[in-house]
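To start, I am sharing the structure in question, which I have written as C-alpha cells.
Each chain carries a letter (A, B, C, D, E and F) given by its place in the written order, and its residues are counted from 1.
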Amino acid sequence: MSEIATNEPAKARGPSAVGVFRAALKRDLLLAFRSKSDLLNPLIFFLMVATLFPLGVSPEPGFLALLAPGLVWVAALLATLLSMDSLFRADFEDGTLEQALLSPQPLILIVLARVLAHWIMTGLPLTLMAPLLGLMLFLPADGMGGLMLSLLLGTPTLSLIGAIGAALTVGLRKGGVLISLLVLPLYIPVLIFGSGAVQAAVTGLPLAGYLALLGAMLALGVVLAPLAIGAALRISVSG
Amino acid sequence: MKFESMADFIGMGGHGLYVWLAYGIALAILLFNVVQPLRQTRQLLNQQARLVRREKGLS
Amino acid sequence: MGSIALSPIGESEPVLKVENLYCERDERVLFDGLSFEIGAGEVLQIEGQNGSGKTTLLRILSGLSRNYEGELYWRGEPMDEVVDEYRQALLYFGHLPGVKATLTPQENLGWYAALQPGTDSASIDAALRQVGLAGYEDVPCHMLSAGQHRRVSLARLYLSQASLWILDEPFTAIDKKGVAQKEQLILRHAAAGGTVILTTHHELHLDGLRRLNLDQLAGTS
Amino acid sequence: MAKNKTDKNWMPRWFYQLASPRWCYDITGKLLPAFSVLALLLLLGGTVWALLFAPADYQQGNSFRIIYIHVPSAILAQSCYMMMALAGAIGLIWKMKVADMVAKACAPLGASLALLALATGAIWGKPTWGSWWVWDARLTSMLILLFLYLGVMALHSAIENDTTAAQSTAVLALVGLVNIPIIKYSVEWWNTLHQPATFKLTEKPTMPPEMWLPLLVMVVGFYCFFAVSLMLRLRHEILRRERRSSWVQALVESR
Amino acid sequence: MSEIATNEPAKARGPSAVGVFRAALKRDLLLAFRSKSDLLNPLIFFLMVATLFPLGVSPEPGFLALLAPGLVWVAALLATLLSMDSLFRADFEDGTLEQALLSPQPLILIVLARVLAHWIMTGLPLTLMAPLLGLMLFLPADGMGGLMLSLLLGTPTLSLIGAIGAALTVGLRKGGVLISLLVLPLYIPVLIFGSGAVQAAVTGLPLAGYLALLGAMLALGVVLAPLAIGAALRISVSG
Amino acid sequence: MGSIALSPIGESEPVLKVENLYCERDERVLFDGLSFEIGAGEVLQIEGQNGSGKTTLLRILSGLSRNYEGELYWRGEPMDEVVDEYRQALLYFGHLPGVKATLTPQENLGWYAALQPGTDSASIDAALRQVGLAGYEDVPCHMLSAGQHRRVSLARLYLSQASLWILDEPFTAIDKKGVAQKEQLILRHAAAGGTVILTTHHELHLDGLRRLNLDQLAGTS
C-alpha cells in the first residue's frame, strides 16, 4: 500500500513513465484484490460452465470430450466479455477516470496497465485453470498443452480488444450489451484460431501455425489497442 | 487381523495408494478443523493482550 | 478572516484567457460570447443559480469537455498546443470526488501523487492530518461519512504543486470548521501566486474575490 | 451495552442462558475435554478396526476400507447443513447472537467435510470405476452441497458487519435448506435418465456386521469430532465478538 | 408516463395494493425500455451463444442437434444469472431502494413487480427467441414445443431465485460473482428438469411430468421467494 | 426571514421519543445513552462535525438501520409495533436523492406518489414548479445539473402529506434562493403542526430552532 505512495520520487519528471505504469498496475491489482470476488470471477464462471454442461447437456464422457476444446474457449471468451463492462465504469462513476485523463502522464501507459491488470485477474487464472476444466470435461491429455498455450496467447488479445469496447461505451447509461455487439465480431478470429489450436493438439496435428497467428494478433493488439482505448476514453468523458 | 505382513498392510492388495491417500486426506482435514480454530483463538488472545498492553503503556 | 489580501484585479499578466466562449446543452444556450481572463494571485468565483452552467464552464476550462466554441489560452498560447503543460499546472476538483471506495485515503492519495508528477508523495499523511482525517488513513473510504469522503479528495489541495485550481463546489458536505480552513488555504494559494477558479453556493469570506455571474449571461432562461 | 430484554419471559430459562455468549463459553469449556477424549477414542478405535480387522470386500478388495471415512463424512456434511440452517433461523427470529455464531462456525466445518466426502469418493472411484470423476447423482449432489457451503462462506466474508452478515447468511441457508430435497430429487432423477445403472450407489449392500459395526463406530466418532470442532470454532467466534467486553478482557489479562 | 403519476387516486388508502403493484410494474418496465439495451440483453447473449458454439465447437448439424436442448437451457440460465446483479443495484445506489423500503406499501408487492418486470425483459424474450436458437442449432422440430413450454415455466423460477441472490448482495461492493456462487446451486434443479423436458420432447417421451415439476417449483418460488427477497433487502440496506 | 415562529420547546406532547440510544461503527462509539424527544411543531437540527454520526442517527430514526441498541417510540408506542403507521407519517430525505437518472422528474415523483399512500399525485407539476423545475418536467434526470437533480427529490416536500420530515443535508448543491425558499417551507410545515429533524452544514435562519450537538456526546474521539 505504502509502496504506491512512495514509488514516485518527488519532483522527478523525466523517467517517470515506468513509474506510472508500475503505480497504475499496482493500484489496479490492489483494487482487484480488495474486492476479492474479482479474483474468483473467471474461476467461478469456468467452474459453472464445467458443471452446467454435463448437467444440462449430457454427462457422457465421450460426448463431453468432443465438446471440450471448443467449450473451454467459448467459456474463456464469454468470461472475458462479461467482465469487460466494468473495466472503466467504476472509474468513470467515481471520478477517478476524469483525474487520470487530466494527468500529464501518458494515458497509454495507464490504459495498458489497466488492461494488463485485467488480464492478470481474468485471462491468467483462466489459463491456469483450463487443465482442471479439461479434466472435468474429459479432454484428452494430449490436448492440455495446446489448450494452455493457445489461451496464454489468446486471452491478452481478448482483453485488449474488449477494452476498446469498454472505453467506447463507458459514458453510456447501459453499456453491457453494446459492448458485446461491438466486440464480438473482433473476437471471432481469436476464437477460431484458439479452438483450432486445441483441436489440432487433440488430434496430434502441428499447432505452431495457429500459435503464430495468435501471437501476431497479440502483437498487433498491444501496439494499436492502447491508442484506440485512450482516444475512446477522452471522447466518452468529454460528452 | 486381516493382513499377514507389514508390506501386505501397506500395499492393501494393490489398492494401497488409494486407501492411504484417502485416510491421509481425512487426517489432514480433521486436524485442520482442530488446529485452525485453536490457532485463531490464540492469535486473537495475543492480539488483545497486545492492545491491553499498549493502552496501559499509553495511559 | 482573510488576513492575506488578494492581489488587485488586472495587475498580473493573464494566466488563463477565455475568448468568445459559446456553449449549448440540450438545445439551450448556456453562454454566448463569454470572455474573461484571470491572472496569478486571483480568485474567481463563478456564480449562478442551479443549472446556469457553472459545472459546464469549469469542465470546459479544465479540458475535460470539448462541447464548446471559442478560444482558450494558457499563458498566452492556444490551449491545444500546450495541453501537457496545462495539465501539469492544473488541479481539477469536480462534482465527483475521484476517490475509490475500496481503497484507503492513503492509497487514494498515493495514486493521485503518481498521476501528478511533481507531487510530493511523502507528505500524504500530513495532508490527511490537515483535512482532519488523522486516524482514518487506513480505513477503506466506503466506511467514511459523506463529508470525510470528500475530505479525502480535498487533501489533494495540500499535496499538489499545481498553480491553477479549478474547484467545483469544493465545500459540499464539509462542516463549518472545514470550510473556514479551506478558505484560508485558497487565500494562501492565491497569495503565493496561484490562481483559483471556483463555484460554491456557500457564502464566501474572501477579500478581493472576483465574481462572474452566469445568470446574466445566459441567452434564454 | 448488552441488554437482555426481560419482557419475553415465556421463554424457558435455559434459552436465555444459551443466549448469553459468556455462559456458552463456559459450558463449552466444560464439555470440550469429554467430547475430545470420546472423539479421539472412537476415531482411533474405529480406524484400527476398519484398517486391520474388517474384512475386505469380495469385489472391491481393500479399497473398500475407504467407506469408513467416506460415509461418515458424507453423512456429517449433510447434517451439518441442517444444523447451520436451523441455527441461522433461530438467530434470525429470536435475534440470538450465539445461534448466529453457531451458524457461522458450521459453514467451514461442513464445507471441509463435504470436501472430504468428495475427495474420498473420487479416490475410491478410481479403482472401482476406473475414473476419478463421473457425473453421477450422489456425486453431483455432494458437489452442489459443497457449492452451497462455499456460497454461505463467501457471503459471510463479504459482509463486514457481523449482525448483517449473520442475518444474510441465515436467509441464504434457509433458502438452500428448502432446495436441498429438490436438488437431491432432481439430480437422482436426472441421473437415472442418463446414466447406465452400473454406477448405482443407492442399493444398500447387505453387509455383514463385522463390516458395518466399525462403520457405526466411525460415524459416532465423526459426530463427536464434529462437536469438538464446532465448539472450538464457536469459542473463537465468541471471544472475537465479545473481545471488548469486560469478561474477555479479564480472561486476556489472566493469561 | 403520466399514467404513473395519476394511477393512484388521491388519499385512497384501502385498495391500493393492486395499484402499487401496477405502478411498480409500469415503472420497472419504463426503466427497462429507457435503457433500451436491457431489452436486447438476452437476445444478444442468446445469439452470441448460438453463433459461438458452431464456430468454436463444431459446425456439424448432427452434433449440434445433440447439443441443442442442453445448450439452449444453459444459455437461458447464464443470461438470467448475468442480468441478476443489476436487479436491485441501481436502485440501491441512487437511493430509490431506501425510499421503497420506507414506504408503507407492502414490500412483497414491489419486489414481486420487480421480478415480474425482470422476467418480462429477459425470460419472456428468451422463451420467444428459443425456436430461432433451436433452428440455428438444428434442434429437431419435435422439440420446439417442449423447449418453449419448459422455458416458459422455468425462467420465472430462475428470476425469482436469482432475485434472492441479488437482494443478499446488493449492499456489497462487488456482487457479480458472489451472486453466481450463491444462486447457481439453486438453479440446478431447474436446469435439470428444463433440459430433461426438451430431451424428452425430442425423443418423443411424455413431458407432462417435467412440466408439472417445473410448475410446482414455480409455485413454491412465487410464494416463498418474495418473502426471502424482502427480508434480504431490509438486511442489506440496514447494514 | 422567519415570519412564522416555532412553538416553544416542550409545549406539545412528544411525537418521537428516543431513549438510551447506543451505536458504534467500526469499533468507534458514536453515541451512548442518547435520549431526547421531539413534539409536533418543532424543528430539531442535529449538529456535529463530519463523521460525528448525524447520518447514522437519522438512518436509525427513519428505521433504515438496525445497528443500534436502545428504544424508539412513535407517539408513545414502541417503534417496532407501529412501523406501518410510522412509515405513513414519515418523509425521509437522505444523502442519496432517490432519483432515477433515466426517468424524468415527473415520472420520478409519480413513483414516489404511488409509494406513499395519501400523496396527492395531481400536484406533481405544481411541486416541480415550486422547486424551479418548470420546463424540465420531461427532461431525463441525467441531463440535469447537480442542483437540479437534488431539486427533483426536494419536490417531495411539496407533495407529501407526511407529518415527520427527516432531512439529511437537504441543501446540498442548492443555490441560495433555493435554500431560503426551503427554509420557509420548513417553518410553514412546523407551524402547521409538523415535525422536522434535519442536518445541514449551512447557516440556518430559523426562529425557535432546537439543536442537538453530537460532538459533545461521542464517547471517544
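Structural remarks
To be clear about the criterion, contacts are C-beta pairs under 8 Å (C-beta built on N, C-alpha and C of every residue); 3 or more make two chains touch, one makes a residue touch a chain.
Going by UniProt, the chains are A, E = Heme exporter protein B; B = Heme exporter protein D; C, F = Heme ABC transporter ATP-binding protein CcmA; D = Heme exporter protein C.
Since the model is a prediction, treat every value here as computed from it, not as a measurement.
The chains that touch chain D (Heme exporter protein C) as well as chain F are A, E. Centre-to-centre, using mean CA coordinates, chain B (Heme exporter protein D) is 56 Å away from chain F. Taking each chain's centre as the average of its CA atoms, chain B (Heme exporter protein D) and chain D (Heme exporter protein C) sit 17 Å apart. Per-chain Cα centroids separate chain A (Heme exporter protein B) from chain B (Heme exporter protein D) by 39 Å. Taking the mean of the C-alpha atoms as each chain's centre, chain A (Heme exporter protein B) and chain F sit 46 Å apart. With touch defined as above, residues shared between interfaces to two or more other chains in chain E (Heme exporter protein B) number as follows: 34-35, 173, 178, 181, 184, 188, 192, 238-239. The residues of chain C that reach two or more other chains are 95, 101-102, 143, listed in rising order. Applying the touch criterion to all chain pairs gives A-C, A-D, A-E, A-F, B-D, C-E, C-F, D-E, D-F, E-F.
Put simply, chain D (Heme exporter protein C) touches chain F in their complex at residues 1, 3, 161, 163-164, 244.
Contact residues on chain F toward chain D (Heme exporter protein C) in their complex (touch as defined above): 22, 27, 66-67, 69.
Those residues of chain C lying in contact with chain A (Heme exporter protein B) across their complex are 62-67, 84, 87-88, 90, 92, 94-104, 106-107, 109-122, 124, 140. Across the interface of their complex, chain D (Heme exporter protein C) is touched by residues 36-37, 51, 54-55, 58-61, 135-136 of chain A (Heme exporter protein B).
On the side of chain D (Heme exporter protein C), the complex with chain E (Heme exporter protein B) involves touching residues 144-145, 147-148, 150-151, 154-155, 158-159, 161, 163-164, 167-168, 171-172, 174-176, 178-179, 182-183, 185-187, 189-190, 193.
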